[in-house]
Amino acid sequence: MAAIRLVSVVGAGAASPRQYEQARQVGQLLAKHGLGVVCGGLGGVMEAACRGASEAGGLAVAILPGTDRHTANRYATVVIPSGLGQARNALVVSAGEGVIAIAGGPGTLSEIGFALKAGKPIVALDSWDIPGLAEAESPQEAVDCLIDRLGPA
Amino acid sequence: MAAIRLVSVVGAGAASPRQYEQARQVGQLLAKHGLGVVCGGLGGVMEAACRGASEAGGLAVAILPGTDRHTANRYATVVIPSGLGQARNALVVSAGEGVIAIAGGPGTLSEIGFALKAGKPIVALDSWDIPGLAEAESPQEAVDCLIDRLGPA
Amino acid sequence: MAAIRLVSVVGAGAASPRQYEQARQVGQLLAKHGLGVVCGGLGGVMEAACRGASEAGGLAVAILPGTDRHTANRYATVVIPSGLGQARNALVVSAGEGVIAIAGGPGTLSEIGFALKAGKPIVALDSWDIPGLAEAESPQEAVDCLIDRLGPA
Amino acid sequence: MAAIRLVSVVGAGAASPRQYEQARQVGQLLAKHGLGVVCGGLGGVMEAACRGASEAGGLAVAILPGTDRHTANRYATVVIPSGLGQARNALVVSAGEGVIAIAGGPGTLSEIGFALKAGKPIVALDSWDIPGLAEAESPQEAVDCLIDRLGPA
């Protein structure tokens, strides 16, 4: 049995209802394609992506900045309290084969930078306007676009 | 649904047949108790613990030193390529609620140090003789002893 | 004797002659103000900033991605081989009280993200056009602008 | 001008008067040999080593677990707030060419593990009794012994 392939879902810890719903659908769609979600494990977009993934029976990996696993959102199915502070953003990106960015603030910007540096595919949904990101109009389009760009297992 | 609780299994990348078998049984027993394994993801004790866990239908999380997920052993079910080098040992320990150390070299010593510092329960199977570790004679005793010392979920 | 205050100078490992000269002047000017440079320790903008700082008798701290101190540029005066890979970008930013970004690619973008997240002052010289960065037209203006925004020691 | 060569001085944040004095002398002696000290930046052995180094006109690099540079001891001359938590122990070791361990608790044990793993020379002064460490009876002997084992610059 091969390891579950992971996609990083990045975005801010505070999400509008629309962003929350988008992230939840992204998590659900990834799970339906047999892909797990890895994220920063806190609220907002991170919570919504974990929620969608776990609601669809998928894997939701939370890599937390602190050392207390109880700070993870309640939809995460695997919790990694890193203790690395903001440097855990590098880990969230290195753990996934590609990135879907949903809205997001400066932490998300750092993650986009790492993904570009590593040459990983990145799809943006209403996120930073940075050259090199594919833009999607909907969760469905974002997931389809990312899967299209993932390399072979 | 709550997140799967994780136990760190630490030991060297080269294992004797006896150590390999002990680590495999530890992984199996943890899985039978509904606990996942988290480890450094490479060979030897790490591979054996992942193998036991996944053979018993459990979770086997591999936190790799490098960025290439294909360097994980083939029994890992969730692979986190950290890119952090040896510093990933800190992460292997912070990801688990307790530690089972099987034999092991200097990398294992660093993990024992981190676990002692964090006040996590540690059970040693034929490993370093350091004050503060509980010693077990068998995989069964190691897992029972560790579960006994884990705090509440 | 108080510790030397540090400013992060970030930018790509490949620099045009103009960018190299700008970074060198930034290093020199920081040193003349009694501020040390901290950077990623490799070539291009990083080398030039270290060169300027050390030529002016200042401190040039190189935080390398790998574990081999000999990969640092030859102008660094203190070399920290981190072994953390790209995650060392988080460290380059956390080590400084403010950031001067000179040109730069995706690694620099990750550093800008971390600095914004931490609320540190950032001055951009011909770098990413991101809201929240002060733009400067010259090394002199960049250093003056940053010093103006630094908090008290 | 070449970078200053660094030696990691590791030990607990709480030190007896005797341990404090030993660490201070180690810092002084390293400085007199033109070597800088790198340590975890807090109190006890770390403070004493920084104190000795800076009193002798040497370099004292403090790599802190948190992000607040004001938590460094007051003798550090270069402060790197890492934000990496306990994982900064890996960094303290990777930053030095060799290690002097003075007494110390579990954090020190993790550092000894990393140094052994990396094949760096380690000298112990009243510290952990681990195979592979050279034992010294005095600060003078510890520094002489370490310098003897350092590779070429």
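Each chain gets a letter, A, B, C and D, in the order it is written, and its residues are counted from 1.
By our rule, contacts are C-beta pairs under 8 Å (C-beta built on N, C-alpha and C of every residue); 3 or more make two chains touch, one makes a residue touch a chain.
Just so it is clear, the structure is predicted and the values come from calculations on it, not from any experiment.
J.: What's the farthest chain from chain A if centres are computed as the mean of the Cα atoms?
T.: It is D.
J.: Need the CA-centroid distance for the pair chain A / chain D, whole Å please.
T.: Roughly 39 Å separates the two chain centres.
J.: Could you please state the distance in Å, as a whole number, between where the Cα atoms of chain A are centred and where those of chain B are centred?
T.: Centre-to-centre distance between chain A and chain B: 26 Å.
J.: Quick one: which residues in chain C touch 2 or more of the other chains?
T.: 67, 83-87, 90-91, 94, 118
J.: How would one label the connectivity among the chains shown: line, ring, star, complete, or other?
T.: Basically all the chains touch each other, so complete.
J.: Touching chain C in the complex: which residues of chain B?
T.: Residue list for chain B touching chain C: 67, 83-87.
J.: Can you list the residues on chain A that touch chain C in the complex?
T.: Going by the criterion above, the answer is residues 84-87, 89-91, 94, 105-118, 130, 132.
J.: Where on chain A does chain B make contact in their complex?
T.: The touching residues are 1-4, 6, 36, 38, 54, 59, 61-63, 67, 69, 72, 74, 76-84, 90-91, 94-95, 97, 118.
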